[in-house]
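Okay, here's the structure, questions in a sec.
To keep things simple, chains are lettered A, B, C and D as they appear, and every chain counts its residues starting from 1.
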Amino acid sequence: MTTVGILGASGYAGAELLRLLARHPQLQVAWASGESSVGQAVAERYPGLAAAFPSLAFCSQDEGLDKGADVLFTALPHGRSATLADRMAAAAGLVVDLAADFRLHDPAAWTAWYGGAHPAPGQLGAWPYGLPELHRDQLPGARRVAVPGCYPTAALLALAPLLRAGLVEPGGIVIDAKSGVSGAGRSPADPSLFSQADENVSPYAAGSHRHTPEIEQELASIAGRPVAVTFVPHLVPMTRGILATCYARLAGGATSEDSRACYQAAYEPEPFVDVLAPGRWPRTRAVATTNRVHVAAVTDRRTGRAVAAAAIDNLVKGAAGQAVQCANLALGLVETAGLDLVPPGP
Amino acid sequence: MTTVGILGASGYAGAELLRLLARHPQLQVAWASGESSVGQAVAERYPGLAAAFPSLAFCSQDEGLDKGADVLFTALPHGRSATLADRMAAAAGLVVDLAADFRLHDPAAWTAWYGGAHPAPGQLGAWPYGLPELHRDQLPGARRVAVPGCYPTAALLALAPLLRAGLVEPGGIVIDAKSGVSGAGRSPADPSLFSQADENVSPYAAGSHRHTPEIEQELASIAGRPVAVTFVPHLVPMTRGILATCYARLAGGATSEDSRACYQAAYEPEPFVDVLAPGRWPRTRAVATTNRVHVAAVTDRRTGRAVAAAAIDNLVKGAAGQAVQCANLALGLVETAGLDLVPPGP
Amino acid sequence: MTTVGILGASGYAGAELLRLLARHPQLQVAWASGESSVGQAVAERYPGLAAAFPSLAFCSQDEGLDKGADVLFTALPHGRSATLADRMAAAAGLVVDLAADFRLHDPAAWTAWYGGAHPAPGQLGAWPYGLPELHRDQLPGARRVAVPGCYPTAALLALAPLLRAGLVEPGGIVIDAKSGVSGAGRSPADPSLFSQADENVSPYAAGSHRHTPEIEQELASIAGRPVAVTFVPHLVPMTRGILATCYARLAGGATSEDSRACYQAAYEPEPFVDVLAPGRWPRTRAVATTNRVHVAAVTDRRTGRAVAAAAIDNLVKGAAGQAVQCANLALGLVETAGLDLVPPGP
Amino acid sequence: MTTVGILGASGYAGAELLRLLARHPQLQVAWASGESSVGQAVAERYPGLAAAFPSLAFCSQDEGLDKGADVLFTALPHGRSATLADRMAAAAGLVVDLAADFRLHDPAAWTAWYGGAHPAPGQLGAWPYGLPELHRDQLPGARRVAVPGCYPTAALLALAPLLRAGLVEPGGIVIDAKSGVSGAGRSPADPSLFSQADENVSPYAAGSHRHTPEIEQELASIAGRPVAVTFVPHLVPMTRGILATCYARLAGGATSEDSRACYQAAYEPEPFVDVLAPGRWPRTRAVATTNRVHVAAVTDRRTGRAVAAAAIDNLVKGAAGQAVQCANLALGLVETAGLDLVPPGP
């Protein structure tokens, strides 16, 4: 078995890693750190994990890094893993980082959106951006992977094929995303309270969300020129799921059939992406708790615009599941190992 | 007292009319019809209305129309009131229609979006479009009013001031709207089931929703030329509320402060519209169960685009409350009569 | 106008007092304190209150007590008002306390359930227990009132008439209560997070909840002998509402009709209590945002047991609304002043 | 591979069978019938099942029965499978019925609770009651199994060990159960609508629910004498999950530690039941989408009563999962085959 250590396992993305790895045929959790939960049983903090991890307790970050493992997953708050880069590389042959620290390739973009100088600017660009559907070739044998943010995962999977095929223009793209509350993590905070989030929909960080430069970096790479998108996330009253509804100007006379054919060509070899039948739209419930992606698009000649939507589970394909998928590819395992999940019907 | 009859009172918009009229100082419900509930006590179908209407039962449509009333509110399925126009006019001095039948002024638009020929094309254009914030001058003394749809109410209140002031361009507008499930009414249907709608977000009728031509009609009237918008509604897991997030190209160098000043000038005299403080976004919960509207906008020079959002309660400002507001204005009553509601905190 | 001060207005019960008092014809809020929110605009913390209180900001507790008011409502954490009793009495002619501090009459019960010695034992028993349906005669002219807990309000309104009429026995009573999450207040805490409470039902504090002695005190007073109840509260995924399902042994051969007649006799004069028609059960939604109570009971000869249920809104009849009702009675106002609320249909 | 046919697969329990069987190592779905969905793709009705069953469509009942299979699961409405008993026996070597038709052993109980004469009274008692934790010995080699109802599964797993060990008395048991809305199935019905069920808790069928005689049959079998329980189910606003909170009189001086030790002894060999640590209560979320059961109990000397609670997923351990568990045992497979599921953290 290949051993796994998890840094920052007490939050939702970390717990989701534990859930997925519990059933992974090759990867086995050796330790899981949680700074605010050191010594606490995993089963106490996540009673649903009791049967899978009856005796695992959270260790400290230092304890974990000292032990090391074949694979290290890090689900620490943004900015933390950049300061640990060398230590992580020493501790494990493969480091898969779920934070934002190594996603951007341009230090100036980091400074503009995250503030301050990047702690390890020399490493920027050296970590593959772990969206296998876009960068599959960079992953086999990789020793470090930067897992994309949840919103970029959904937005890019909806937009990338259409942009690459020239069906839509890179200018004037609007991304209106809707996320469940688990995206805000388990730290108690007023907007995450049930009585604040329930029966409520609201935008936040309109035009200023830190996932914007990731999306722009990847779209620019496809378009071959700078791209600026209008990205507005919204909080909706559900626990899991992201729906990204994307609006782009049609580049030519593309039809809805063209956009669907474009998706089918792009995603036919992809094990986790489903192109929906004509007339169907992605529903977050249909991908909940799984690593799957549902996409659909239509074109509207009347307004000269394409509407493209993707649904994912923010904690799986938007975080832990994508991390496992990347690890599988990096290690040469079957891409779907541990990820053959079927969502609940209702 | 002024007497009121309600056609189609057994659905959610009708029940909401009953709730609001129960506390109206001048309007008094004389009868309420419900074709599928004739003879049933209102209190049995809506237990919460038991204290306000202990002895009212649903009558038939014919019975109601024969009785008549000073004011007639109609909350029938679309297409029904157009066939009853003459009978309604005979039955009441003021008819306030919550359906789509008389909202569009152009018979061709009706045919294009609703199908078939309009049953009373001669009346199109003769019913004021009952959005008081846009057409206040047409309402006093009116004998018939077409109450706008829920989505157009939210979208137009977000967009109209910016477009009128020339801050945004009429071309390329995108409206991404999110609605609670009560918008689909009380008729049992698969997508409205708790176990289907819970923990789920999904677009529907993208680019083809029937509220589109209403929005375009009103924006065109402001712009002085045809306007085509991309409008995509979404279903979110909550009972009430609509949030319309609108995206438009900046016409000049407008700042966020300009857009806020524009809203303040437009809405300063409006009793139901609140322009939020800088940095705050509309939340549907903050207007729930009331006739209030929360609006906010920012401009993004980076992308040359304005983001404008409005939150309303779909059953109040989006239906029954706006109908009462229109009736108040038509009858010369205080505009806020019966509508001085304070939303629950949590 | 009669002036009102509120101590502890930044929490949910306090905000609900503000909501109700905004529309009260005789009571007018002069100030509202919130220790953790001093200086913050009420409208910023509760955007829905913006229209009703455009310029009110939270003051400090000392500032409020120094100003004084005709009526003082206190919604402080348990144990706080007992230490302020003299200061509150000096500051206002009527003090209505929403905390537990003066509900119990027996200092030993306080010590057993809350721990430590009561700070003002001499006052215990001197504050009427403000459940008007049980202690209506003690309220007119009262200068201080202890408002019952939310669970006791629901449980006692379901059980008291049946016990007083001798239809059920005082021994072996079981109370299984279900509460919305707002009962836990607005302080960020893990179990109150959306992602923890959503799609989840769980008991808590089974047999040890501090509302138990209140229920037992009042039932014992009716039964004329000590009563011990099994009380288990549950958290359910909704914001507002309490349903108390109560199980008691039948004392004789009472039928469901007898229990309904008993309720009707008890509650006929009560302006806020509705006895449901046979075959209907209380639903929290039907009383949401109002001061109303829905009750129903059946008897089961097969098992020799009565099942009695009551639904209330935990923040209204279970807290702020009941406080206003008590103040109305103490001041000689119309009992329903400011409380004529109609719940939303859906 | 062992082939499987499913009768009534278009409802929630049937879809859940499909979800579980998609990952079962030995059982393979050959066909799935759905009378109201004949010809429809499974993936169209349940988009989440698209990846697992890309080409399966619902067939008719006759078509399925004519084909036959090694194992037949039936998830038809109550009363239907009793009329098909012979045909089912001819079509498959093992029939696992999820309906109520063969759960009761006494024809008189059937008549009393379901009405009318049982269509196949001779078979009553011949179908093992498929709760493996109680009737493990009857399952190996069985050719037909009656899967318990969702409420009885939860209630019996909470009560059976305590009653068998003599810790509680069989008289005066109260079962207060809370269920998610999926228990009502996917047929559109008013109480199942999102806008009716959301933010609402209510009892239903108090004292008259058809799961009562199942519970009494099994408890009587343990107690060795007739048992009558007071059973009141409630609908709570979530999709999945049942929590049964059970109240029973202590038979002796049992402590909370005794009750926990009793559970541990009973459930130590059980692969799906977890006895929670002292101070923890079952949460439906912690077992969601899995076949697991969480149980806990405390005793209260003050009131002479035990409080015992169990949480299950109503569609898995309360229906489809238990059916697969029974099939595994009947066929001599590993009991947990296809059921090693880990619940989502948040």
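We take it that contacts are C-beta pairs under 8 Å (C-beta built on N, C-alpha and C of every residue); 3 or more make two chains touch, one makes a residue touch a chain.
If you're wondering where the values come from, they're calculated on a predicted model, not measured in any experiment.
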| item | value |
| --- | --- |
| Pair joined by the larger number of C-beta contacts - B-C, A-C | B-C |
| For chain B paired with chain C, centre-to-centre distance based on mean C-alpha positions, whole Å | 36 |
| Inter-centroid spacing, chain C versus chain A (mean Cα positions, whole Å) | 45 |
| Multi-chain contact sites of chain A, meaning residues that touch two or more partners | 12, 180, 182, 186, 195-196, 198-199, 237-240, 283, 285, 288, 346 |
| Pairwise touch network: line, ring, star, complete, or other | complete |
| Residues of chain C defined as touching chain B within the complex | 12, 15-16, 18-19, 22-23, 44, 46-52, 182, 186, 198-199, 239-240, 274, 276-277, 280, 283, 285-290, 292, 294, 315, 340, 342-346 |
| Contact set on chain A toward chain B in their complex | 172, 174, 176, 178, 180, 195-196, 198-204, 206-207, 228-230, 232, 234, 236-241, 243, 245, 247, 249, 281-285, 288, 298, 300, 302-303, 305, 307, 309, 311, 346 |
| Of chain D, residues touching chain B in the complex | 12, 180-182, 186, 188-190, 192-199, 237-239 |
